[in-house]
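Listed after this line are the structures, all set down as structure tokens.
Next, two complexes with chain A in common: one pairs it with chain B, the other with chain C.
And now, the complex of A and B:
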């Protein structure tokens, strides 16, 4: 019998998030160890689920044996499995990184970090729209508080901005969910897909527009992206790494579930909107990254730009299935190299005391390992051969060339812009004559960075791994199978 | 060498390897040019020559720092890219206008092209 061990990942982190404050009353110094152990157990549970998903394609759990669409459905297919693995893996590395990185208010930090993962994992597991909203709120509330972690004026301002814009987004999403429920009488995504296909009403595009707005805010796609650099820069870089890479991924995942599962095949108009938003997001992110002097802001805009590539790939995937695979592969790569770059930036701030690239320089001589890791991450980001971003970007070029050649031209131009700001950032921080002596970097901070750098190289040198993974995960976009498995058992 | 056709994917892996090989050859060529050019360089050897940005010239370290904002001055100013920076001013009201306008545009698009 297929076992959904990955749900225990969520439960482990949820319990640990409440255990941590209790333990801190007596033994605060054990908090990081508890968090690392919980994250590792969550990762193990996630990995244990993989064979079942590989075997059955999708595993389903109906809560309390109430069958769909009446009960709460938890479903893990290839796409959600990939997200669950990414969340638990990056979660574990970030928690390990935080061990020596975060020294103040550890109880709150680790509890919130785990609640953030709980929200992300819940979104990846759920099979209905209302629980998706609930977990999105858990994720959002944890990240609002994490944004204000530093307790200084910029942190409070960033957190308030995100709180207001994020609340607007989730309100719009709830409104969209309410419209869909009013129209169809169900919230189960598989059941919604069946019912939506038989309805013709102007309320449907209205509900979809509200859902895209709500989830677009979380995914930081144009024109809902502006909050992201302001928020990511005030978070601790470790939390920022997880938040930036994973909240974006989960936002895209939720948009995909809505567009490809609930509204599957309704109209090619839906794919055009993904392409249009993706193209503007990709270009605008790169244009803004070119003009930054703050390293984290540059990385945040770079992340926004990469989300554009992913959106384009999935939009084109509506016309050519290879686009779906390209999008999946790039989604995975972006999460990995983005986390790597953010963690390297965290080390730089930790040791040099600033993110301002004007004040940094010459760090390669004192921290060669961090320098190489950052370079690997940036080369993957640019899409240089033998680094992970290249293969997925190449797939995007190929697939857009077949469908909309103008998008290929735009994607290549944006890649050149990525090269400009990426190498400039590396040169200014790590090369040059300034003597910024960062001191010795702790092993618990170096190991996660090295693991992520190794992954960027592994998927660059052996792109077959990524292609095979993307090919398997793309089977999740077989809507008929998803609906049948959930509604028929 | 078309691979993974059984998985519905017609991506040519050989294509990627050829690009990778061409890239490596390009890097090797650059390294060779660098080696030859340094052999025939007439400049004096000095510590600063080995530093980044020196490019064979004796430049004092204080003169080597590149101003951030004007690093891609021509690109940014000629294409008016700095306009986009003004739009990302950090002003919450402006951000909310973006969000609201975006939502309205998406809805209009969906209503007119799909809903009707």
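And now, the complex of A and C:
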């Protein structure tokens, strides 16, 4: 019997999120230890699930033994497993990084950080559309409050802006779910896929559009990207790292579930839309990143630009299955180097007290290790050979060349823009003659950075690892198997 | 048909307030109207004229299938109302903070402060 241990990681974090405020009434200084321990346990549970997924391809759990279309289904296939591993792994590293990084209002910070992970994990687990909406709201509410964490005017502005755009998005998603329920009478994604294929109604594209709007706001794809730089910059850099890397990944994951599972086999227009949105997002993010002076804003726009690459890869995946593999690999790489860059920026801010790149300089003398780690992350972001971003971007170039050569040209041009703003950011922050004394970075802050940098190098030097992973995960796009396993038991 | 039209009208009205009003309290009221419109829509999806409460009684399954209203939308909306309540609470507390910082609840004053 395949056990779904990864669901326990969700439970662990949910319980810990409520234990932390209780403990803080008596013993506030133990809060970070509790958070680190519970996120480590969550990571262990997630890793324990991997062999079962490798063996069976998909594990299914029907809540309270209500059979498939009636109860709530929890299904972990290759794609969900990858997301769960990414969430728990980055969650653990970020919690560890926060140990010395976050000093004020720790109770609130750690409880919300864990609730954010609960929401993300829930979305990755669920096989039910309304349940997805509920977890999306858990994630959103946690991130609204985290955005207002520092309580100054920009933080309040960012949080309110995100709250208004975000809750409008989730309302639209709920409306889309309502339309689908009205048309088909079911909310289970596998059952929906069967029923949607059987009906043709003008309301279906409307429901799909509403769902993609709602999820697109969370994934920060064009034209719903405007909130992201404002929100990410006001969060503590550690929470910003997790939020930036994972909320986009999970938004893309949910869009993939809707497009490739529920609406699979509908018209290819859908894939063209994904490609068009991706191309605009990619170019716009890079153009905006070129103009930034604020380090975190630059990284946020760079993240938006990378999401464009992923969308293009999955859109092309509708025509050429290799595109899906390229998208999966790039999704993984982006989450890793994005977190790495944000954490490095956090260390810089911790030392120098500012994110303004024109006031920074010479930070390589403060800590050479951090400067190398940042450089590794940035080179992976640009897509230089032997760094992780290269192999996945190379796959995207090859796949688009076969289907739409013009996209390849655009992708290469955007990569060159990435090179420009990436190296400019590195030079402004780390080089220069500014008189900075060498210092020591706390061990709990440097270890997560080193681990992430090692991963960026590992997947760059041995891209075969990533190709194998992507090939396995892309099997979960085999829709017939997913539907059969869930509905037949 | 009428409940659907009213629901869509509420969604449109609320979206207008949410996106175009400058006063942030009015934006949040708009958000409430949007969600209530959606709730009304979902509830009327499961409505049945002269239906009975969806509780399985002695009358048997066929009677239940014939007359009971759909219980699922009600359960969904109950969840959604609770979520909406907490979003509104967070929003209002943020507006209170914004008012303390700027002395105003207009969205544009907050933006000006940030530069």
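Remarks
We take it that the second predicted complex is superposed on the first by the 485 of 489 C-alpha atoms of A that agree within 3 Å, B and C clash if a C-alpha of one lies under 4 Å from a C-alpha of the other, contacts with A are read in each partner's own complex, and residues count from 1 in each chain.
Keep this in mind: contacts are C-beta pairs under 8 Å (C-beta built on N, C-alpha and C of every residue); 3 or more make two chains touch, one makes a residue touch a chain.
Bear in mind that the values here come from a model prediction, so they are computed numbers and not experimental data.
Judged by the touch definition given at the top, the superposed model places A:205 against chain B, while chain C stays out of reach.
With both structures placed on the common chain, the touch criterion links A:134 to chain C but leaves chain B unconnected.
In the overlay built on the shared chain, the residue A:71 is in contact with neither chain B nor chain C.
Applying the stated contact rule after C-alpha superposition, one finds that A:427 touches chain B and leaves chain C untouched. Contact with both chain B and chain C is seen for A:164 once the two complexes are overlaid on the shared chain.
Here chain B and chain C are compared by how many residues of chain A each touches, and B touches more. When the two complexes are overlaid on their common chain A, residue A:270 makes contact with chain B while staying clear of chain C. In the superposition on chain A, contact of A:144 is made with chain C only, not with chain B.
On chain A, the surface patch touched by chain B in one complex and by chain C in the other comprises residues 160, 164, 168. Remark: chain C residues 11, 15, 18-19, 24, 27, 31, 34-35, 38, 41-42, 45, 72-73, 76, 79-80, 83, 86-87, 90-91, 94-95, 97-98, 101-102, 107, 110-111, 113-114 touch chain A in the complex. Taken together, the chain A residues at the contact with chain B in this complex read 160-161, 164-165, 168-169, 172, 201-202, 204-206, 208-210, 212-213, 216-217, 222-224, 226-227, 229-230, 266-267, 269-270, 272-273, 284, 287-288, 290-291, 293, 321-322, 325, 357-358, 361, 384-386, 390-391, 394-395, 398, 420, 424, 427-428, 431-434, 463-464, 467-468, 471-472, 474.
Against chain A, the residues of chain B that register as touching in their complex are 3-4, 7-11, 13, 15-16, 19-20, 23-24, 51-53, 61, 64-69, 71-72, 75-76, 81-82, 84-85, 88, 90, 92, 94-96, 98-99, 101-103, 106-107, 109-111, 113-116.
Every residue of chain A that touches chain C in the complex is listed here, in rising order: 130, 133-134, 137, 140-141, 144-145, 148, 151-154, 156-157, 159-160, 163-164, 167-168, 171, 174-175, 178, 181-182, 187.
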